[in-house]
Amino acid sequence: MIDAVLDKLKEECGVFGIYSPQEDVSLFTYWGLYALQHRGQESAGIAVTDGSWMDVHRGMGLVNEVFRHQLPRMDRQRIAIGHVRYSTTGSSLLANTQPLMVTYAGGHISLAHNGNLTNASELRTELEQAGSVFQTSIDSEVFVNLIARSRNHSIEEKIMDSLNKIQGAYCLVLMTEEKLVGVRDPHGFRPLCLGKVGAGWVIASESCALDTVGAEFVRDIEPGEMVVIDDSGLKSYRFAPANKRALCIFEYIYFARPDSVIDGQSVHAARFEMGRMLARESGFTADIVISVPDSGTTAALGFSHESRIPFMEGLMKNRYIGRTFIQPEQKKRDLSVRLKLNAVKSVVKGRSVIMVDDSIVRGTTSGKIVRMLKEAGATAVHMCVSSPPIGFPCYYGIDTSVRKELIAASKQVEEIREYIGADSLHFLSLQGLWDSVGGVHSEDMCHACFSCKYPASIPCEASCASNKYVFEERRNQA
Amino acid sequence: MIDAVLDKLKEECGVFGIYSPQEDVSLFTYWGLYALQHRGQESAGIAVTDGSWMDVHRGMGLVNEVFRHQLPRMDRQRIAIGHVRYSTTGSSLLANTQPLMVTYAGGHISLAHNGNLTNASELRTELEQAGSVFQTSIDSEVFVNLIARSRNHSIEEKIMDSLNKIQGAYCLVLMTEEKLVGVRDPHGFRPLCLGKVGAGWVIASESCALDTVGAEFVRDIEPGEMVVIDDSGLKSYRFAPANKRALCIFEYIYFARPDSVIDGQSVHAARFEMGRMLARESGFTADIVISVPDSGTTAALGFSHESRIPFMEGLMKNRYIGRTFIQPEQKKRDLSVRLKLNAVKSVVKGRSVIMVDDSIVRGTTSGKIVRMLKEAGATAVHMCVSSPPIGFPCYYGIDTSVRKELIAASKQVEEIREYIGADSLHFLSLQGLWDSVGGVHSEDMCHACFSCKYPASIPCEASCASNKYVFEERRNQA
Amino acid sequence: MIDAVLDKLKEECGVFGIYSPQEDVSLFTYWGLYALQHRGQESAGIAVTDGSWMDVHRGMGLVNEVFRHQLPRMDRQRIAIGHVRYSTTGSSLLANTQPLMVTYAGGHISLAHNGNLTNASELRTELEQAGSVFQTSIDSEVFVNLIARSRNHSIEEKIMDSLNKIQGAYCLVLMTEEKLVGVRDPHGFRPLCLGKVGAGWVIASESCALDTVGAEFVRDIEPGEMVVIDDSGLKSYRFAPANKRALCIFEYIYFARPDSVIDGQSVHAARFEMGRMLARESGFTADIVISVPDSGTTAALGFSHESRIPFMEGLMKNRYIGRTFIQPEQKKRDLSVRLKLNAVKSVVKGRSVIMVDDSIVRGTTSGKIVRMLKEAGATAVHMCVSSPPIGFPCYYGIDTSVRKELIAASKQVEEIREYIGADSLHFLSLQGLWDSVGGVHSEDMCHACFSCKYPASIPCEASCASNKYVFEERRNQA
Amino acid sequence: MIDAVLDKLKEECGVFGIYSPQEDVSLFTYWGLYALQHRGQESAGIAVTDGSWMDVHRGMGLVNEVFRHQLPRMDRQRIAIGHVRYSTTGSSLLANTQPLMVTYAGGHISLAHNGNLTNASELRTELEQAGSVFQTSIDSEVFVNLIARSRNHSIEEKIMDSLNKIQGAYCLVLMTEEKLVGVRDPHGFRPLCLGKVGAGWVIASESCALDTVGAEFVRDIEPGEMVVIDDSGLKSYRFAPANKRALCIFEYIYFARPDSVIDGQSVHAARFEMGRMLARESGFTADIVISVPDSGTTAALGFSHESRIPFMEGLMKNRYIGRTFIQPEQKKRDLSVRLKLNAVKSVVKGRSVIMVDDSIVRGTTSGKIVRMLKEAGATAVHMCVSSPPIGFPCYYGIDTSVRKELIAASKQVEEIREYIGADSLHFLSLQGLWDSVGGVHSEDMCHACFSCKYPASIPCEASCASNKYVFEERRNQA
């Protein structure tokens, strides 16, 4: 995947749901997932109901690959939910796609989930002790088992009963034959918003999906809130007391699309501000500002605006993204970046360059890009990163399987600069980052990957033996 | 499917299991399923374990289509089970393929199932009331939930505990990380046999699968018996008292392969005897005996042997079977049989013919074949059927979705003869059928589809509203 | 492929054509190819025209695989031709599928070809010298280039002009926008027949294809005859003088379907007679006669009829044929036959057996079957083969790539018997074979693979360096 | 396709060739085609040779789809060529993919072609009159027939002989078993450049492909030049006298990648200048400058640089391009743009906007984007287009099938402005365009689509009946 090639962290999922007897809800969900494709590119699925039956279609690949031949459709469909995800490796990949669709004593439920339960393992063990069986390795299956075992009567109570048992980061979109439900965890780690399309309602991970289907943005779903939509309209429930908010700050840095607005803050505006802040903090000067496209572009424009140094397109990105790309052999690894990015010689030749990127994970790609620019004639490359160094693992839905390779976990800034071969290197300070996201209070965001301050429980050691080294490392650093 | 075109009842499944650390158990299972392909042609699956992990691969299609590109394999694999099935219609076809693989408190279980639980619906409701969720519509999922909820300690006890709760017809092949288990229901509706290959063991629906993988036939698994194979060898358990045996007599008539031996009775020998019995009962004479290939051939040879009327190949069958075949348009329906069968003019022209087939379901195909033979010059067509008229539904694993169209449910023999245009028509008597299967006592077989004498419980009316008309019809006839 | 596994020679192609403005000619061609599937199982194609445009769809696989999703169709289609073939190995497989469709000065031509031109190589060189380019390695491309270069005016004359240049064995079905043309070479090596369906006409390799589409057999196309069908009806042309007829006698032994009639001789009747002749020639006696299904069955029945020894089904064949089948590893090669055939113990145990097969190519399979029968309890196996030993290569369309391995090229009958482990072995004599095919004069058939008497030119040495050893061997034997 | 949705003209092809016994030439060609993917997204192909054999693999789809499973490869491969293209509609799509591979009297030739021969139809007729047959509808097949019929001896002479017969726009990459050949037409309509990788040589449509494979740019291939590369190195031939140069100016406006350099002129620099020129010509002022991404971005940056009006990202583009995308129903057509583009409200709200795009074809998309911006709160939208109005068809390789719908063919600028709903509209003047491409003399470029001044022959009326209306319209306008 391109993000792997370009050394990015991976968001885990995007969710979408629509209640609208007047619309082709399956088609709308398809479009919605297309708008959320950046949040998960390895599998996709759509479930739909007509009030009595439910159908689901899931598959590996991009949205347009999974639904190349057909969408799941019903004659009188009125609710649909959808999901895009990165899947983990292993042989049961297809089994782990979402939405999950089950029957239980109360009928059918389909469920799509974004995030990571920190106590999934314990809950699963408890459920297994009580006689549950599991066919997948996704958290959603834990959740539906909790619902099915709840002794409460209404589906609303069953869900809230279950929510009280789970911990971690999650946004859920769930449907029964009659209701569409959206849930955001008490910390609000992941974004989830509400829109209106005609007489119907839409729930989505990001507002850009509302725009894409022509829905009007209504509001963000609150941390600890559950909305339930049915024939009688929308009802809001609070299943948890107001908690410490902890929206993932990386949504503003990289994950979300710039045209989305999350918790009242425009993603684009935040990134632009990060760039301005970088200019002020770094004090770098050069002939031009360039970006590592596409994720670094908005901050680079902000840098240019603040510093009055002209922004130019110094790097071109190949737009033709493929899931399977034949990799260069070992000895020609440098090509792997060149397949995705190319320097524009007429822009960089003979010029000193400020290069803006959103983050540094392993650092290998940054080094290759710096070399590419110098080979193209740049006289100096000053790198600016619109986030602080990433030094700690995420337990709330971001793939940190690369954690061992996080360059900032073992190297100081100057060492990193040397490693990537840049003439200067500046990371945005945490305070600078907070200030850039002016619309959300700094205490209402999670920044544990930079600060090691985890806003909520993290998995107990017993349940995450495989991450043991991470904990140990962290302690040693503490 | 060819069987649909040629008006046959459908067996529902075939199962296979192997325990052998010395062999490529996945490949052996693949071959075993290939030998059992006649028992189910719409999906296939293989699960394999190496003692700690389990993997499964399932798909729609014939065995060689599902495993065209790869078999599930592990480095030190030692147990594997497999399944072929006819799937019911609906959009969740893939979800319903077997083996089912789950985790529960005791580890992993994979399960393949042949037959039909008559109280599946009640059990499912009970389990749902207790908080279970279901992701498929197959009986196997009910069974694994029972196992998971059993309070007994050993897997053997858990399984037996669960078996005590289920009713109906079933053969199960199940594996944990360490054990291969084979179970045959107390009535022994469906066949299941045991073989030995090297130091390992094989369990299969029919003995032809043992022959195919080079295993030696050991014995049939007894009704009410469970065999458990692990490192310490094979252990046999009796989970139910000796019950009234009720082997499906249709296995001898049509379902099983002629080279299989079931409960000590050669299928081929039984069919040959049915033909001899038909000759004696019918007293028909003609120039030649022919069969409707391939299923009528053995009985036709028996008829020829008894009557001394020469057997000739009067009909040729197209050997190239395809799952998807573009059907003739409505107005040219007669072609649908001609695509599969063709009369050999040089054989039938100017001759009177005795045509032997194994059964008549709807009767439409028989009529077309009679017409085809007459157009090819047969002077008379006397039809002999090596089973009695089928008038009643099966609740033990045979697809009776065509029941409304069963010609014998509404027509007398003379009416059927007229409908299909034969000059004479004789159905083998039930007594004649029993006598033909000499190796098994007549009281040890189920013949309810002919006699309406159900040897075991049938689903209660509440749980089979969709079959209501069947019950009502049956009562009227009783 | 099953035929490879079961040690058979390979026919190269089947052709079909239909002219009928009243019918769905594409669908009829699809059915016709399905009936001819036994003549070629590795690729298939259909071309269709509506009088001005032409379209073609070709692919690798069985007919129902290639046309799983769609047939080539036009609104007012009125002519279609089709082709099934075995393809040679190499990377350009798809490019070599037929029908070939080209444009030339006179418009469009589509062409399907069965057989082998013995001077293709010389003609190709000549055409290349004159400036032609070739995109495939099939003989049909040579032929269309000859047509395109003919200076004659009418398409009929152009074709006949071209036919005068080519040598070897061929049946052609060809269409322009307005005409359907069928051609059979002057020796009549390969079969081709003519039928009528409603107001339209059908041309096919075998009469079974006429039966399948509901067409009435009219007559065989004569060696050296070209029929042209258009709006004004059917016209017959003789493009070559009456020549020595040389119909491939293997069509009667194995290639053709038993329900076909070729040059007035029923294939079934010929095979039945071969069996009777075998009984007389061999004088073998035993408890039962069995066949190697399916190709040996008709002769086995003839043997039984003549000898009064009862015919029984001693071997069962797995009906589920797959193009790709995962082969057993080297050390377990014996399984490869067991996957396809199984002995019926209740039939052969304790009995002496006469086993009838149609031919022996390498002899390896025969040996395995004999062993299988003995393991199943046969007290003796006397093998009868309904053709003489195959000792010489075919240059007229049969794949003799296995020639090096032809057992009869290097071993005497007694040595072969010993090799396969049979108690007795008898090959039908050439005279016996001729007598069996009573409807065609012995001098009107090609039997070079048995006798080395080639009825026509064979490729010059220069053009078949790769077959050089064959010639040398042949000379040494002569 | 996205380009269709976003109302763009279509380039027809990209070509690539490599001679390098030291490299994996097939893999390099794969990467090269990936870099040229923007020049053709509907089919791709690679041919490779090891000095004696040739192999080709072609298919429909993007490069990574066609070669998802494998590349054509040989043990000692040393030359490879590749092709990407837009294909025309019709049922023979696959047959028309390139490279074309043929055998002729001199051996094998593979050929990939970019452009359009204006006398292909006449040449084809001549060749057909002389007996050639054609299996595809691509110009390349005409060319290989000319080569095959040339009476000259060396391949170099044969090619030059053939080049003298053809007219129009073409870049050819061709290989024999031993030589790699690159040809650019005498006018130089399409770009073609030469690079060096290690001891080997690379030829490509654009220099960005050289960068991607790590090759060093050597020079552009001259109009009328043929380069031949073999074991003895590179030789250059001039097959036509220095002619009026006529490089397609649209390469600079839209077709080529900005990081390519064509005939000495950086594409990026040209586009940047177009933006500056637009600022000067239009005199527009507003709060911000935005672009229609991605093709309008470089010019927008130039506009911003010249005007000192800040550039902002007002529109976001969905990066996940799919070949097949389920289209909105008729009534919701406005969604089709929203699926690809979305306004960034925080950027445009309450601001007047200058929107820069590269061209207007039908005008429908521009109208939707203007509306989208206004709905997002833009107070005014002033549109600037970095090319003059397109009023005339192209005969040199650009798809003008949309010509009937060219908005500038029937509307004046003010009418267009009204149609798209912009507050102002300015098209770059032809002189301004020429001045922007400062590195190439204005007389050395083709600008017929703007000016109707065709630099070379156009197809005679007889051969382009289907374009008749175009000619008539043009005359009326002249």
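Each chain gets a letter, A, B, C and D, in the order it is written, and its residues are counted from 1.
One rule holds in what follows: a contact is a pair of C-beta atoms (placed from the backbone, for glycine too) under 8 Å apart; a residue touches a chain by one contact, two chains touch by 3 or more.
Bear in mind that the values here come from a model prediction, so they are computed numbers and not experimental data.
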Pair joined by more contacting C-beta pairs (B-C or A-B): B-C
Most distant chain from chain D, judged by the mean position of its C-alpha atoms: B
Computed distance of Cα centres, chain B from chain A, in Å: 50
Separation of chain B from chain C, taking each centre as the mean of its C-alpha atoms, in whole Å: 36
Multi-partner residues of chain C (each touching 2 or more other chains): none
Touching chain combinations (by label order): A-B, A-D, B-C, C-D
Parts of chain C lying in touch with chain D, wherever the complex brings them together: 55-57, 72, 91-92, 100-105, 109, 125, 128-135, 144-145, 148-149
Contact footprint of chain A on chain D as seen in their complex: 24, 27, 30-31, 34-35, 37-38, 41, 62-65, 67-68, 71, 208, 211-214, 257-259, 261, 266, 268-269, 294, 297-298, 301, 305, 310-313, 316, 318-326, 328-329, 332, 334-335, 338-339, 342-347
